[in-house]
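Paired with chain B in one complex and with chain C in the other, chain A is shared by the two complexes that follow.
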Partner chain A sequence: MPDEELLLKKARRKASPEGAVESGVWYPRWYWPSFAAPATIWIAILFVLAFYVVISVAFGTVDPLFRNPLPVYEPWWWSGATFSDVLSKFVGSDAFFLPAAMRTLIYVAAASVLCLVLGYGVAYYVSRYGGRRKGLFLVLLISPFWISYLMRVYAWQSLLTEDGFINDGLRFLHLIPHPVNWLDGRPTTVILGLVYGYIPYMILPIYGQLDRINQDLLEAGRDLGASPIQTFWRVTLPLSRQAILAGMVIVTLPMFGDYYTNDLLGSTKTAMYGNLIDTTINSPGHGPQAGSLVIILVVLLALPMAYYLRTTKRAVESA
Partner chain B sequence: MRQPNWMSRRQFMGRTGRAALALPCLPAILAACSKPGSVPTGTTPSVRFLARPDKPVSLPLRGQPIPTDTPIEKGATLFVYNWADYIWKKTISEFEQKFDCRVEYTSFTSLEEALQKITAGAIRPDVYFPGPSYIGRLVYQDMLQPLNHDLIPNMTQNVWTTFWDPGPWYDQGWRYSVPYTVLSTGVAYRRDRVSDEQAAAGGYDLLWDPAYNGKISYYDSMPDAIGMAILRNGGTDVNSGDPKTIDAARDAILELLTGLDGRLTYNGVYVKLPAGEFTVAQAWSGDTVAAQYYLPKGTGTDVLGYWHPQDRPGLVGNDIISIPTSAQSPRLAHEFINFLLDAKVGFENFAYWTGYMPPFTSIDPDKLVAQGVIPKSLSTSVVTQDMMEHGYQLAELSPAAEDLWTSAWDQIKAGA
Partner chain C sequence: MTDANVDLRVVRRPGPAETPPRSVRTRRTTRWRKDPWRKPRLLGSLTWGYFAWSTLPVIIAVVFSFNNGRSRSSWQGFSMRWWTGDPYNSLFHDPALHDAIFQSLRLSGLTMLLAVPLGTAFAIGLDRWRGRAAAGANFTMLLSFVMPEIILGVALFLLFTNLFKNLVHLGTFAQILGLVTYQVSYPVIIVRARLLSIGKEYEEAAMDLGASPTQSVRRVLLPLLFPAIFASFALVFADSIDDFVTVRYLSSGANTEPLSVKIYSAARASPTPAVNAAATFLLASTLIAIILGIVVYRFVTRGQRSDMATKEFVHFQM
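Take a look at the complex of A and B:
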């Protein structure tokens, strides 16, 4: 027995990068980490630096003539006046940013749950019953990306107008007595737009996970006396939990910053958080306010993100 | 021997003036020296008069116009930065043929957006349409070049005298700009749903009439939106810096959008009003005229109506053309401006495409209806020299006032 363990240990060491030393090939210490360098530099420039500029704008000032934002890069010159001014628009008597923030929370919650329910069904069907046509289904799922989102939402605009096909269809079925103006700032229309825009991002990770579930586990569940529903509930669903979390993260994060769905399908009555940023950044002199709005959103989103990272880490450790 | 370094009288006055301005606030400048952003950039005087129709301003000559003998750039690409759909394609192709060049047309949806992109250097056009409210700042930041008047003979030949002698209130002596079109801002309505009598009685309140709930369009443009709401509330200063006036205007617009289901649009007047989606709309006169081309087949132009106050001044304005300092083809840019001010070219551009009239002496406003350029039902959309002289005009706001306006606008757009 001890011999076996020794052998196993040796084999493991051989497979590991450090083991390479023993096999006669020497790699410098930086060799393996250097593979991560391009991505690290990429993230450093596109995220860390960019976010530092946002902070410098939020705590910076504006050019006195054109009132364009003037970022201040030295932290000792930062002023929190604009930031606290923006915060006061979320709480207090003059809290006119709060309704849009609450709306965003409700719309995103509704849209992501709808994405999950609809998307899970589609992913489940394709992975379990797709059979030979799986490839075709996947192509069909990805096909909307071939046309720009903007074009597809313009199509929705004409479908949803008062004399559009949606109203014609609903009236033909006698579901509505008069045509409905779906585009006059209705939460339902905006939520529909969000679901439409983001659902593929939900389906793909869930499909990937469901497709990898070992069918033997499901059979084992059935053999041990579980009903199909019980098997789903106690085997399939727990095994796809990570994919659901990943899908939710991928879908909700961009939804919180989305402004064009509402721009195209809603009105100011359905303004979302992204619209606040879009409006303030286009208002002369309000660049620092836009920066502050971005920081507030990032901080709020960091909380669920941290939860996601923790559960993923746990799942990896227990696997 | 070195020549003594004489200052001209103009330089002397300018420098002493600046010194006098700067001295009292020297400690402040010193204290702020290292702090970014607090010192006005360049040599911008810290006090600048804001141009108003009754307080005209001569913009300082910074730099020299290009020499008259500058050769026309051959085979160049002329970059034009203007509102969307605001020059007839045929006008552009005629210019391309005449001067053997290519014109690249980039459009913006608001003057504020354009200003931001220009000042950030994101767009470097040869010809730019900045609007009277922003020209002052652009000149002080050295972003526009003075025009060579010899290269634009059509200005004094064709354009209303008031625009070149003494010149417009925002740019006396037309040092940096020529007018492109004149316009008024009023209320467009569907005459098959609103009678002319109702419109005349309602005026601005047409837009706040619950009868048109859900069928009201308002411009998604801060100055026009707030400016008209001020007039509707009985105010007369459309560039007001008074918090109460601006709050009341903001509340009126919020009521229109939330209580009456109104919509903020860019194309509400020329696309959606003719399609019947809207019944009443805040409208620039030219958009209303252009709406006739967007009517569905079989619908007569007489369904379009336009109200603009007849018994008192209303909102009027004009667009302007300038050449940025960074222009790559400044001579061609001068030719382009002169071309647009050609009597025939300018008239065709207006009559067949934009719907916005150039201020030409050759155009008789009273004859436009008879000529069939403007439908009879839209005769109120014609802008006269008299209207331009007596109407209210949107102008540059002081930073404090602008902050009030933009805060109100942020709130309007936040839907709260």
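Take a look at the complex of A and C:
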């Protein structure tokens, strides 16, 4: 019966504390929105409007003399010439942007899989065997967040130079006859640099989820005859699937816009999509191209971003 | 228990028993492999290896800021040369680096003072203001948080050099606007988490006792939120002093570049241990902010269980 449902709904609303506030105290309608207004206006101007300018620049033109972009703010005057030009550089014979885009895909895939494998192992060990050392472990897991990314990658750059400790160590072990220049644009260096930079973001969510798993479930699995591997495969892994997905998204999103890892540890031979944007925006007369590259990236990342926002929203609501 | 296991195995798999007995060594490894209570040595060494891998490079970089030579990789004795000793190239005497320190502190300090009140008010408002507009504002706020930073940096650069070109000039002002935009969602997330754990009872009690909405926010809610607000101050300061993407696009030239951008540019050219010193300086400022944050956080939440406070603070990182 719809009437009954309505009554029930009303009763439930009254019982909930939220309903009580609404019915008990009168707030002016603008009261709570006015709290949120300053930041909302800020974001509207400096994020939403900024993005509109990116589109206007991408679909605008360039001053023929001074080479500065001439954005077009009216959508009906937009010209897609630059944008389709940029798109055409991803395919066909004149695929100038394609190598960097392909590299980005491969590097990001390799680095995020490595992050997952290593990170899962670490998170698993800390959550299950941390014991009395858990506090120390937790600080060690968090500390990379408090050390700037720049410092961490710079530290590796020093270690990887030709007279650096890595070459010293490898030569001491007779693994290489001569010092190797690890920084002359090697995919391995860049991928490992990415792993190093982003793996903390993978470990934390997985650790959080594994730590919440009820140990009784694992014991039940073992009692019912599953081997440790089966228990892991059929109990632990399914229970941590959400965190794995979240970790993958958190790790891959910034990697797609990363240009600094390659700048410090690689060369133009290992340039990634972020480097394309960075060099384009820094070269005069290429404003529309840079805008187009940014738009393409946003469109490609829209799906993972939406997924990430949905899961965090759910996590906040269930907290 | 172990005997029973061995017996079972023999019964279940008679095959191996007929073949010549396996060496003791193999049997021992099998037993070790099958022991459910054995120590996970492989995972353990992976974990300790990871911790060494994640901390050692940074420690080495810090140590080399005290090197007595130009090298970042071969040790030539301890000196304060790159910190204060060298009259031209040390962190505190090189005029460019010296100015950059103040630019770093200026940018992160002002960002913190702007972003935290904005974000806190937004979080409080959004906690009670429901509806489509609120959901949209929340979504956009979080979107700016998860986007790769280069996107926001380029977008703001294009905004300030085109539509706002007579309004905002690249430089300190533009950098602060950019940093606040990027950081404002941090306090929003932290304060909202705290709001959810506080619940609405205290405020209701205050209003039942005759407080107006504003009084109840100011005298009940804000004191309760203080730990989260303070944590936001610490984290926003630490995060914005390290930022080198947005501020680089929005700087008007060498004189408005903070230390982080100087490090970034120097690392691509020919770095000396002065760069290590600069990076160590940033690291120290970040750590001081964070430790101060944790200490105050634990102090103001001392009524709670002690491990809860640290855990909550740590949780803010996620």
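Basically, the second predicted complex is superposed on the first by the 247 of 319 C-alpha atoms of A that agree within 3 Å, B and C clash if a C-alpha of one lies under 4 Å from a C-alpha of the other, contacts with A are read in each partner's own complex, and residues count from 1 in each chain.
We adopt the following convention: contacts are C-beta pairs under 8 Å (C-beta built on N, C-alpha and C of every residue); 3 or more make two chains touch, one makes a residue touch a chain.
Just so we're clear, the structure is a prediction, and the values are computed from it rather than from any experiment.
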(request) Scan A:Lys269 for contacts with chain B and chain C and give back first, second, both or neither. (result) first
(message) For A:Leu224, using the defined touch cut-off, is the partner it touches chain B, chain C, both, or neither? Pick first, second, both or neither.
(response) neither
(request) Quick one: name whichever of chain B and chain C touches more residues of chain A. (result) C
(message) Between chain B and chain C, whom does A:Pro284 touch in the aligned arrangement: first, second, both, or neither?
(response) first
(message) Under the stated touch criterion, which partner chain does A:Leu173 make contact with: chain B (first), chain C (second), both, or neither?
(response) neither
(request) Using the touch definition from the top, say if A:Val72 reaches chain B (first), chain C (second), both or neither. (result) first
(message) Just checking: does A:Leu303 make contact with chain B only, chain C only, both, or neither of them? Give me first, second, both or neither.
(response) neither
(message) Residues of chain A that sit at the chain B interface in one complex and at the chain C interface in the other, please.
(response) 68, 161
(message) If we count contacts the way the header does, which residues on chain A are in touch with chain B in the complex?
(response) 60-68, 70, 72, 74, 77, 96-100, 103, 161-162, 181, 184-185, 267-271, 275-276, 279-280, 282-286, 289
(message) Under the stated contact criterion, what part of chain C meets chain A in this complex?
(response) 36, 39-40, 43-44, 46-47, 50-51, 53-55, 57-58, 60-61, 64, 71-74, 118-119, 121-122, 124-126, 128-129, 133-134, 137, 139-144, 146-152, 154-159, 161-163, 177-178, 180-181, 184, 188-189, 192-193, 196-197, 199-201, 203-204, 207-208, 213, 238, 241-242, 244-245, 249, 260, 263-264, 267-268, 271, 275-276, 279, 282-283, 286-287, 290, 310, 314-315, 317-318
(message) Residue numbers of chain B touching chain A in their complex, please.
(response) 35-38, 40-41, 44, 110, 112-113, 115-116, 119-120, 137, 140-141, 214, 222, 257-258, 261, 263-264, 277, 399, 402-403, 406-407, 409-416
(request) Within their complex, state which residues of chain A touch chain C. (result) 17-18, 20-21, 24-25, 27, 31-40, 42-44, 46-51, 53-54, 56-57, 68-69, 71, 73, 118, 121-122, 124-126, 129, 135, 137-138, 140, 142-152, 154-159, 161, 163-165, 196, 199-200, 204-205, 208, 222, 228, 253-254, 256-260, 263-264, 274, 277-278, 281, 287, 290-291, 294, 297-298, 301, 305, 308-309, 312-313, 316, 319
